[in-house]
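The two complexes that follow have subunit A in common; it is paired with subunit B in the first and with subunit C in the second.
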Partner chain A sequence: MPGDLQAVWLTALLAATTTLLLVPIASPLAWWLARSASPARSLIEAVVAMPLVLPPTVLGFYLLIMLNPDSVVGGLWVNLTGDSLTFSFSGLVIASIIYSLPFMVQPLQAAFRAVPESVLEAAATLGASPRDRWLNVVLPMAKRGYLTGCVLTFAHTVGEFGVVLMMGGNIPGETRVLSIAIYEHVETLNYDAAHMLALGLLCFSFLSLWLVYRYAGHRFEVVRG
Partner chain B sequence: MNWVSPDVSMVGSLSVMRCFLRLTLTRCLILGALLWGSNGAVAAEARIAVAANFRDTAEAIAARLEAESLHRYEVIAGSTGKLASQIINGAPFDVFMAADRRRPQALIDRGLAVADSQQIYAVGELGLWWPGGSGMPALDALASLQPRSVCIANPAFAPYGEAAWALLQSADLDPDWLHSVVRVDNVNLVAGLIAEGHTTAGFVARSSLISGKRQGTVAVADGDVLWFAEQAAIDQAMVLLTRAERNTAAQHWIEQMQAAPIRELIQRDGYLLPVEQD
Partner chain C sequence: MSHQLIVEGCLARDRFTLELDLKVDLREALGIMGATGAGKTTLLRVIAGLEPKFFGRVEFCGDVWHDCDRSNRVPTHQRGLGVVFQDGRLLPGRTVESNLAFALQRAPSGDASISYEALLQALDLYHLLTEPAETLSGGERQRAALARALLARPRLLLMDEPLAANDASHRQQLVAHLSGWLRAENIPLIYVSHAANELAQLTQQLVVLEEGAVVAQGPTGALLNAPSPLMKRAAQSMTAVVTAIDPECGTTTLQLVDDHLAVGELALGERVFLQQEAADASDLGASLQPEPEENQD
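On to the complex of A and B.
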């Protein structure tokens, strides 16, 4: 059981780190996707949405190749930190950011699109600087988008399995997240422990989605212009 | 009044932090002094990657070594092939206890493991477990079972599965029937699936049955298992991984595998011991 508590903590830490890092990464991207008329937009939209349809094993496989110590990125990381990116918490954070990207970008994109151009123009005419307009006009209007994005990203990262199985190994306190702990309990016929964790995740998933529906009104919609 | 001026709160938190750092430092020093064991060895930590069938034994060994020394061990179990590929891809393990000799050798060839650390630590036994069959299980009789009712560990990455597959192929069974054999992730799962009644028969490790019995998840009658001690003795080898060359905990682990109490533990869990090595 102490092992399971550790898995709960590790999973929460992974999901929180991923969510926190995705907010600044996804915000400018979503803003550009919501506002741009560039022909490259649909291309980028498709790339961002890829993790929604891609089998996690495909993502896990490419990440394993990309991050292993003999690769450029993985080798650089080893030189910098002395630690391997594969089978490490840092590697899982990178994987989760990619894996959960659409869950943050899409609600934000929908929220940003709903901010009328005229309101921004009015604010500009009244002398609001770009920073002012962002903080006092866009952010309050996109509040629900952020709530939806954060809850979905957190929940989706908690539920990650395939990618972690491919490039996480099963290292307690490092990469042994909840889904992997359940898998191991089933493998070792420890059904009682598996039931506990599975039921916990079931309740958590329900609560997250209920939170989104209750307070954000809708899941998320991809708005096309 | 809850309000504190920013300056005051900043100074407050700084001094708290300084105090915390000082405390941590003192604690580290005390801990450090404690960790210098009586025999002069520094306590260290090691991650032991073990073949799934050896998981329980490795955990028992870890508990024993932790009680006797200041070293700390973490046991990570999986199929031999999966662990080896994880090590090749940079997994931070210190000792690899495989269920074959091929994978440890492959790691040595790649420079990932220390050549002279390789040794056979246990010899495993493969058996055909067929509860509720008519009499003693026999290879040829398997053909009478429905397709998809016989289970083995995946021969692609589990040595016990590889040995089972070789036995099945030598038994003159129908190729279509052979094709329907269920392959699972590792040999421990096979015992579980049979115990739960999901499959009728399967190739298990003696150690899986013993640990299952101990946990109360598996009940085996003696006449229900056909052992292949001669045809399929499974040499399980271990190596020290290159990254752990200076890890005293990992070295201690490797050395202790030759110690009498540990060898007894291994034997108790259903393994034969390798012929004395020099």
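On to the complex of A and C.
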């Protein structure tokens, strides 16, 4: 049981870290996707949406190849920190950021698209600089998009399985997250323990989605095209 | 101190090109008139720096705001403007008070000669302060936008049909207040309108635009009274009151309230008979709109 508690804690830490890091990463990207008329936009949109359709094992496989200590990125990380990116918590964070990117970008993109250019023009004529406009006009108007993005990213990261299994394995306190713990309990025929964790996850997922629909319902839309 | 505004250059759109070579001294307020689609709003947008693709030069008071030759552009927020857009453009999700505060917080420091209270009073905004911007009527939005633009203490005030959504009696009062404030604060004004009486009261010089080009420029009074088809096309809107209805003949008599009708040369005091051609009557009927009611906003 202490092992399961550790898994719950590790999962929460992973989901919170991923969400916190994704906010500053996804914001400029979503802003650009919402406002740009560049022909490259649809290309980037497709790349961002890839994790929605790609089997997590495929993503996990390529991340394993890209981030292992013998690769350029993985080697650089080992030189800088002395730690490996594969089979480690830091590696899981990077994988989760990529895996959950569309869940943060798409609600933000929809929220930013709903900010009319005319309102930003009016703010500019009142002396608001681009930064001022972003902080005091765009952000308040997009706060539901941020709520949706954060809840969905957190919940999606909590439910991550395939990518973790490929990239992180099953190291207690390092990469053994909830879904892996459930899988292990089932493998060892410990159904009671699996039940407890599974039911907990079920309730958590329901509550997160209910929160999104309750408070940001009509603003939540998956961006298409 | 120079108050010269120079706008020279062009802006090409899909089906419309604005081509300008305008030099005006804004110590006298400037009116802009022209039919719908003549480029009035686009001209204001060029001056405000909202048309980055404008190919040319904009200069105000000796400051170069836009010069495509030197790829030199002062961004809109540094131009010290007050802009009243036709639709008000209040910031959504904020109350009227918060919209006014947005302007006040970013206004240059110093004593304003128009007090906040006087402004709210004159524009009839007190009871609307806590209302969300989205719930206001068109006229209320415009009055709040007017207050907001004045509170920004601008170097140059640009107004695009700022009173059009208010009813006639309100409009008269607002014009009177506005001209008083502009004199007190000494703010240069560019005022776009279809309403000849507003232009006559607020501006001393007038530019008439047609299809993206200046077709007439001169003192407001002289131009408004000039007997040209140009002015007839530009002065589209007139306010009239129904004074008689004759069910037998099926006619309605209208009395023009505050607009002039520009016609050919006539002797002073001469009585003329105005006849509307049958073909025009249906056109006129289609464009007639009832005056907004007093309690509309």
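The rule we apply is simple: the second predicted complex is superposed on the first by the 218 of 225 C-alpha atoms of A that agree within 3 Å, B and C clash if a C-alpha of one lies under 4 Å from a C-alpha of the other, contacts with A are read in each partner's own complex, and residues count from 1 in each chain.
Just so it is clear, contacts are C-beta pairs under 8 Å (C-beta built on N, C-alpha and C of every residue); 3 or more make two chains touch, one makes a residue touch a chain.
Quick caveat: nothing in here was measured; it's all calculated off a predicted structure.
When both complexes are superposed on subunit A, subunit B and subunit C end up sitting side by side without clashing. When the shared chain is aligned, subunit B comes close enough to touch A:Pro172, but subunit C does not. Here the apex is the CA centre of subunit A, and the angle it makes with the centres of subunit B and subunit C after alignment on chain A is 180°, in steps of 10. Once the two complexes are overlaid on the shared chain, A:Ala128 sits against subunit C while remaining clear of subunit B.
In the superposed model, A:Ala37 makes contact with neither subunit B nor subunit C. Aligning both complexes on chain A leaves subunit B and subunit C separated at their closest CA atoms by 24 Å. Subunit A has no residue lying at the interface with subunit B in one structure and with subunit C in the other. Considering their complex, residues 64, 67-69, 74, 78, 83-88, 167, 169-172, 174, 187-189 of subunit A touch subunit B.
The part of subunit C that touches subunit A in the complex is made up of residues 48-50, 75-78, 80-83, 85, 87, 89-94, 102-103, 106-107, 148-149, 152.
Contact residues of subunit B toward subunit A in the complex are 47, 55, 74, 76-78, 86, 88-92, 185-186, 188-189, 192, 195-196, 212, 215, 217. The part of subunit A that touches subunit C in the complex is made up of residues 118-119, 121-130, 132, 136-137, 140-141.
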